Amino acid sequence: MTLSRRLAAEAIGTAFLLAAIVGSGIMAARLSGANEGVALLANTLVTGLALMTLILTFAPVSGAHLNPVVTLLEAWQGKMPWRDAPSYVAAQVIGACAGVAAVDVMFGLPAFSAATQVKSGWAQLWSEFIAAFGLIGVIVGCSRRRPAATPFAVAAYIVAACWFTSSSSFANPAATLARALSNTFTGIRPADVAGFVVAQIAGTGCAAVVFDWLFQPAGKFDLSARHESAADAGSEMLP
Amino acid sequence: MTLSRRLAAEAIGTAFLLAAIVGSGIMAARLSGANEGVALLANTLVTGLALMTLILTFAPVSGAHLNPVVTLLEAWQGKMPWRDAPSYVAAQVIGACAGVAAVDVMFGLPAFSAATQVKSGWAQLWSEFIAAFGLIGVIVGCSRRRPAATPFAVAAYIVAACWFTSSSSFANPAATLARALSNTFTGIRPADVAGFVVAQIAGTGCAAVVFDWLFQPAGKFDLSARHESAADAGSEMLP
Amino acid sequence: MTLSRRLAAEAIGTAFLLAAIVGSGIMAARLSGANEGVALLANTLVTGLALMTLILTFAPVSGAHLNPVVTLLEAWQGKMPWRDAPSYVAAQVIGACAGVAAVDVMFGLPAFSAATQVKSGWAQLWSEFIAAFGLIGVIVGCSRRRPAATPFAVAAYIVAACWFTSSSSFANPAATLARALSNTFTGIRPADVAGFVVAQIAGTGCAAVVFDWLFQPAGKFDLSARHESAADAGSEMLP
Amino acid sequence: MTLSRRLAAEAIGTAFLLAAIVGSGIMAARLSGANEGVALLANTLVTGLALMTLILTFAPVSGAHLNPVVTLLEAWQGKMPWRDAPSYVAAQVIGACAGVAAVDVMFGLPAFSAATQVKSGWAQLWSEFIAAFGLIGVIVGCSRRRPAATPFAVAAYIVAACWFTSSSSFANPAATLARALSNTFTGIRPADVAGFVVAQIAGTGCAAVVFDWLFQPAGKFDLSARHESAADAGSEMLP
């Protein structure tokens, strides 16, 4: 698989992910009027369904990271060379911005506009730390022991985390940056982006250490688990 | 598998798909009153669940295209002979119209009535272009590398696309035509059908070229992917 | 597997199915006040999730028919002896009534009370005919060619059919009878039960003939499909 | 697999489960205003998605009980030594309380506060008895005959049970205790905890006996079922 195709997969995948997040937010806010509950429910379910589909579609080409902290994790785990990481991240950021512009135009808005939602304070940063920590836990656990379940588990986790955190779980630096560029339902004030990204990276780092220990292979049980895992990966049973 | 049975599968499948789209739209609009958010959420989830079920049920017989642009794609990729394409499309269109009539009667409406929703302008056409582009990407990617996942990925994509496009993602010429024939929640003014169909076909064409390149097999990784894919197709592990 | 255990599985499974249908209807109607859209969305999603779980749980014991028309279909197809059908239907009806009583008591209502919702007229009967026709199509198609997908496909179909039919798709004589016994959100006037049951049986009969033809094995494609199907059935790959 | 890692998996898993339950409840109540239907729908869907993900992620390490009555069941069935049960339960309770504190802080609330929702009376206890009875039935049935389906079936059951019981189905002593510690949407008055726990344990005991009989292996059909089950368990096909 050439790097150019892998980068195209990351860019197109992240573009559709952000289109789903931002576009469904615009649609939901327009339709539901004052009912934010319905809007968030639609917005998060759509985000999860899109993420599941995009991982299923693009994972065989690029791994479907669609998220710089996942790229960091994969490089740290030795699953991809560090030298590919910057181009992966660049592809994700460019794709994310393109996706936002694409849907803003669909809804008759300027391609880019600075978002105004204030997302600051320790509670929000704590939310992003935990959101990223859990996301990495799910990815490490599933990818080592049940790789075929990863698309479903990751998507379901994100839907849940959008509801159980007060920040509504961005958990993705590329998405955070791109969401600052559309002043709509899912926006974040540009000034708050840096803090979110730092919290996401901190959560990723802690999770990498904790879950690397938790899911390390060892002993008889693990040998069989490794075997299962290989069988899973080899035959891609589940969708 | 005889052509007659394949055409019956396409016609019955597309009839139930349109019944789900149009019928759930009528039900949702009646129940929810002014709350369009809940109506669209129900309408799109039902559409996705119906599509998943119909692909699972009819794919072993006809491939479960249920959509003329999918038939075009399959013929262009050499997966079905071009000479079968017109009858597939005819079966889809006839089935779609029958499905609309069936539910209109269920809800005490005339079998057919011209829809009045205006769906015009470049933003709408851009929406349909992107909606079809993404749909074909999901189909090409999943059918080559994870065929067992296709019913789930396609259904999830459609739910997402209904929310992130301003046209609410018809992405299906047969459905577009049939939806012009019921003046209810999911309708489209007959005058706007042709533009939508052109945009859908344009998106399909671009996607066929881009994703044929992106998902082409090549090198070691791809050989194993082909192997996996064959295993998947051969044993149909997942539902 | 002894008949007593199979009947217990049918009775317990149908009891939980009706508990889910009627109980979630009561809960939804109490919470949402006048918003029938949210109530039906919750009620139908819960019904689908319960049905999926119950088929996954009880199918290995009794086949998880949970529905007299499915028992009729299985007997007609020669998959179970006709002499077992009456006891299956009795177990389903008894279980359904017990499930209704169990939830009515949970919500502080009398165990049984005659429902008052009028569900009559040709449009409603046509709805039930189509709802049962489609259900049997999904069951015949999936059980022959993708048995592992059946629990998901059947559950998704039922959610969809509840929305696209004006009767909200009972499609189950045991459930129809039991729902007449609780004067709550999901009820049906006892006087309308007989018509619904007749329409359901008529839809089942037509579907059995049509889909037996459509999904009959024949020729090269079908041989491989039979092989896949056997592999599926033998190893029960998917959950 | 060392006991320390299994306990860490139970604690982290239960922490995220309670975070999902309580956090999504707070979010839903804040957003939706008076519309309790939307709030419960979001809260229960999020709970189910989180539970599915957590079982997929942690089951290969600890079995992902996340619930003292499941630990009781596993010990009673001889699947884990009784001497490990107290530490499992302690890990679950500690994790549950930590999860509640984590989300309360995210939303700017004190880490712990006594809940005030009255949940008492025979109807509520009957609800919890049935909720636990059904949960154990799903677990016994799926884990013996379709282990790969367990994460999906258990999660779907819990979503359904939250809607069809008047207690909204706690069905988990650790969750019940922890939910008493946050005076928010999903709370329970501390005085009502003991009754709920007793009803949950009673339901578990009855279910263990009934479903052990129902799903016992015996005869030709069961031999093949055992074979399938072993194949499932061995290769973990489904995600």
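Per-chain numbering from 1; labels A, B, C and D assigned in written order.
To be clear about the criterion, a contact is a pair of C-beta atoms (placed from the backbone, for glycine too) under 8 Å apart; a residue touches a chain by one contact, two chains touch by 3 or more.
Here the structure is a predicted model, which means the values were calculated and not measured.
Centroid distances from subunit C, each centroid being the mean of CA atoms, peak for A.
In summary, the pair subunit A and subunit D forms a contact in which the copies contribute largely different residue numbers, shared numbers making up under half of all those used. Fitting subunit A to subunit C on C-alpha positions gives a rotation angle of 180 degrees, to the nearest 5. Our note on geometry: subunit B versus subunit D, Cα centroid distance of 38 Å, whole angstroms.
Per-chain CA centroids place subunit A at a distance of 27 Å from subunit B.
Residues of subunit A in contact with two or more other chains: 35, 38, 41, 45, 237-238.
Touching subunit D in their complex are the following residues of subunit C: 1-2, 5, 8-9, 12, 16, 19-20, 22-24, 27-28, 31-33, 35, 38-39, 41-43, 45-46, 49-50, 52-53, 56-58, 60-61, 102-103, 105-108, 151, 234-239. Subunit D makes touch with subunit C in their complex at residues 35-38, 40-41, 45, 48, 123, 126-127, 130, 134, 137-138, 141-142, 145-146, 148-150, 152-154, 156-157, 159-160, 163-168, 210, 213-215, 218-219, 221-222, 225, 228-229, 231-232, 237-238.
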